[in-house]
Amino acid sequence: MAETYSRELHRAGADATSRLARFRLLLRRYPLGAAGAFILVVFVLAAIFADAITLLDPLKTNAPEKLLRPGGGHWFGSDVMGRDIYSRIIYGARISLAVSLGATAIGSLLGVAIGLASGYLGGNFDLFVQRIMDILQALPLLVLALVTSAALGPSLQNTIIAIAIPMIPASARVIRANTLSLREAAYIEAAQIQGMSEWRIALRHILPNTVAPLIVLATAQLGSAILTEASLSFLGLGVPEPAPSWGRMLSDSAAEYMRTAPWLVIFPGAAISLMVFGTNLLGDALRDILDPRQRG
Amino acid sequence: MNRIWQNAAALLMVAGGAMAQTPKSGGIMKIYQRDSPASASIHEEATFSNQVPFMGIFNNLVLFRQDMPVNTPETIAPELADSWAWSDDKKTLTFKLHPGVKWHDGKPFTSADVKCTIDLLQNKLADKFRKNPRRSWYANVEAVVPNGDLEVAFKLGRPQMSMLSMLASGYAPMYPCHVSTRDMRTNPIGTGPFKFVEFKQNEVIRLAKNPDYWRRGKPYLDGIDFPIITNRATAMLAFIAGKVDMTMPTEVTQAILRDIKTQAPKAICKMVPTNVHINLIVNREKPPFDNADLRRAMALTIDRKAFIDILFEGDADMGGALLPGPEGIWGMPKAMLTALPGYSPDIAASRAAARALMVKAGYGPDKHLAIKVSTRNIPTYRDPAVILLDQLKEIYVDATLDIVETSVWFGKIERKDYAVGLNLTGNAVDDPDQAFYENYGCGSERNVTAYCSPELQKAFDAQSVETDVAKRRQMVWAIDTQLQNDIARPVIVHQRAGTCWSPDVHGYTQMSNSSYNGFRFEDVWLDR
Amino acid sequence: MTAYLVRRVGLMLLTLLGISIIIFVLLRLVPGNMVDILFDSAGMVDPAEKTRIAAELGLDKSIPEQYLVWISGLLHGDLGFSYVSEKSALREILPRIPVTARLALSAIAFAVLLGVPFGVISAVRQNSAIDYGLRVISLAGLSMPSFWLGLMVLMGFAALTGTLPVYTEAPKTTLDAVLLVAVPAMTVGFRSSALIMRLTRSAMLEVLRQDYVRTARAKGAGAGRVNFHHALRNALLPVITVIGLETAFLIGGLIVTETVFNIPGLARFLVESIRNRDYPIVQNLVMLTAFIVVMINFLVDLLYAALDPRVRLGA
């Protein structure tokens, strides 16, 4: 697919080099990816401008307005405490984004550092690090996150850490594999001959060449971070009340009222699904565009 | 008023129903259970998750009548003790035991077992309970003295009318001497109408009829199954679909009740007080909360009606330390209540006064007080805490929640390792001794706010020895008023919750001033 | 070959050892241990009694000592005692294995039965409307939290039939039994099926482009025969990989699904044991999970070698 993309770009002639044309072409070639990006942008904007696009305080309890159906006053209805679901969903995007971006960033950064070191230094250090990665990978993400967050206690920061740790091995592995293959490349040898230090070679030459697979991976991890946060909160171990975490909104009280007030279950779940769907669409497109194996 | 009539009507119906039909024997009743209790040993647990499924295995010396919804000293009935008598100085309580009673393993029940049970509760034996949550109930018992196999005397340090009430609670079953505490946790032996069959964590608890029960002809049921269903919505659907005959007692919320009424209109449901109150705890040793004005301001911002409307759809009660009437027998009258700080219906005025106190303490619109409100990580605690946070905002307090896992919660507040907390306090018996000594007594482990008033302590003792109920009630009201005026532990709301059962179930009475005493199930029968 | 196997098994043991240490230490970092729970949930605490219980449960020993007790027990098949039920941990865990295994296997079967055929269809009809549709659906499957899907299915069931496929007691009829496994299995397996579909599709596409398939077509073999006989066989390899990869995800999915459907299996037991700080149960369950994941990865590697002559089991 990517081949056709570059060929098409070529065929489009001189104009294609202009940013706008390239962008348009991308949109045309990857409509699903564009849709994914759009979904994410909407969520990010909603999170940033939450104060502007909501009228009601997401934490404001209101006895006379409890469990109202979706309608004029409350677009998505209200919950057991009379809080506005729409406001809570919008403000909840902040939590979802903070957790997923935070966990992915921490997990990737640590993974990159470990992978680079491991691949470049090799030897016993590499062997040792690989065993640690084996250990982390032998435990399901949710199981490891569950035990870690139980150990750390429920809070936003701890949730981010609990999700970031199990994410380290994947990016460490990708970086290490790339580092190993790039080490043998001619230009690295040239750099070595020129007398560049190993760390400088790693940072100057190897890291930039592994960015593409890393982006693909990070996008995929973004989605699973959102899902893991939701699951943790659903099980009562993630981001605590009264913060409007989507997973938390779905747990206790929503499950209790799923018959009498289904909107308590439908909207938060739809928000989670939609955001993850966005990252998945974008991730797919990014992989098509960036994956070096397909770039030929 | 309305409620009184409802209760009276319900009582009449129960009485009328009982007269109209003769009980049938047979059948296995199913009651859903909300979670797996930690063990099967009633003496070691402090939750009715343990009480409901296991009370039927045992007998007490005396027990509140199972067919009367309100437990009072007058409704105490004989069980293993055929009769009891107070000595003239009211310091000795003697029980005559029923002859011929056998434990489920065939060994005879004697006065030695009574002594063993109380000795265990006082940690006097080599074999000890892992947990002993109601040890303080027996603090006043100096000795239990058997006189032959069928008589036993309780020697008390001072007269204590409440002793009999506590012994009549579901929390005071008789344990056998010859069975270890460990076996009582996993495979309990009692003298009661039902025998323990099995307890599979997360799955089911099963009891079977005790065919050799000493009360001839009882129980009527062949057995009781308690399938464990943790999700309340699922559990209620199981009830609506007829998969269980009865909901777990007091697990039905007002919203769910409406759903059940439409989906299963024939179901019989009762909403009753659970004798559990939601309260605000403030650690008066931790600055800035050593400032009485601050504590008073926090009490004044509480809008009790909002709590009642949000959490209970209007169906719950305002009260003091003791359960309000008509179900509660020691609660203050309404007129006394509304005079208490923060109980006035004019919330705006209370809050204005609260804000003035805050300003006096150095806070205001430009200088908010940032605090953490600690609470336990289960919905019945978290939900009211969220409302509290919202109401504290009204008086320049920016509060965030500090969610504490159940495993750490009680330890944390007992160590007084908190500043402000939202807490639930349950009373097993509607009784002033239990409520006062435990929660407000100087030095009591469960007095988590460090409130201590030497003169009130004397008043606690004075009401405890008072034998005239009317006089004692006046004394209790005065103490309760003082506690609320001192902002000892502001009581936010007394909960109400419901129980539903199928019309096939007969002979069950839902207790309305305690959640811990009404599950012997020996009079319950099925008609199908 | 033998050398490879020895090395692999050695590494597996090393991994499991590492997990045992990590999980053991992590659990001891958790604030509030079983002794706290036992006493605190009941209120009144006498410090002397607390010490006594700690000694009874072996929690007064140093962490390395406690670890050695556990590991040496584990090697002798003694998993210790559950603090909560006071039964042997083995007796608590064993009866729950079939419950969860049945659910997991049904979920995988469902995932393969749904994922492989749709993956093939999607590849064969590449870039058609049906391909796009299936891809979007599969992406949606990957995006939905399985507990939400579970809740939605329950809501649907309740609205349509008034009953719920939720475990309340041992099923009486076969239909009940099937429904009680099938519905949660489908909810939890939907995600896996989406992943299998996507991998089958991309593997098929790659294979369809390759020379021998073109040769087979040139020789006049029918399209269906080519697709299924030549292409699918080769596309099976990545599917096996996915099953290996998905085990870990599936276990995560089971945790929430068992909670939603009230299934008395291992995954939900793990969550409740974490809450109860029932260390003997938690550490043994986590080890079991790790063992399963490691074993399946190992088997997948072997299977891979057996199916694909190009893969050599070497260094």
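Per-chain residue numbering starts at 1, and chain names A, B and C are given in the order in which the chains are listed.
Heads up, the rule we're going with is that contacts are C-beta pairs under 8 Å (C-beta built on N, C-alpha and C of every residue); 3 or more make two chains touch, one makes a residue touch a chain.
Being a predicted model, the structure only gives us computed values, none of them experimental.
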More Cb-Cb contact pairs, comparing A-C against A-B, go to A-C
Hey, which chain ends up farthest from chain A, C-alpha centres compared? B
Would you kindly tell me how far, in whole Å, the mean C-alpha position of chain C lies from that of chain B? 42
Counting in whole Å, what is the centre-to-centre distance of chain A and chain C, each centre being its mean C-alpha position? 22
Using Cα averages as centroids, what's the distance between chain A and chain B in whole Å? 47
Listing for chain A: what residues touch at least two other chains? 150, 153, 255, 258-259
Multi-chain contact sites of chain C, meaning residues that touch two or more partners: 31, 154, 158, 259-260, 275
Multi-partner residues of chain B (at least 2 other chains): 231, 237, 405
Given the complex with chain A, which residues does chain C contribute to the contact? 11, 14-16, 18-19, 22-23, 26-27, 29-31, 135-136, 139-140, 142-145, 147-148, 151-152, 154-155, 158, 248-249, 251-252, 255-256, 259-260, 270-271, 274-275, 282, 286, 289-290, 293-294, 297
Considering the complex alone, what residue numbers of chain A touch chain B? 59-61, 63-64, 66-67, 80-82, 150, 153-154, 236, 240-242, 252-253, 255-260
Contact set on chain C toward chain B in their complex: 31-33, 36-46, 49, 52-53, 84-87, 92, 95, 154, 158, 162-164, 166, 168-169, 259-260, 262, 264, 268-269, 272, 275-277
How about chain A: which of its residues touch chain C in the complex? 32, 131-132, 134-135, 137-143, 146-148, 150-151, 153, 223, 227-228, 230-231, 234-235, 247, 250, 254-255, 258-259, 262, 265-266, 269, 272-274, 276-277, 280-281, 284
Flag every residue of chain B that touches chain C in the complex, lowest number first. 30, 32, 36, 38-39, 44-47, 123, 128, 130-133, 135-136, 182, 185-186, 199-204, 225, 227-231, 234, 237-238, 240-241, 243-244, 263, 405-411, 414, 445-446
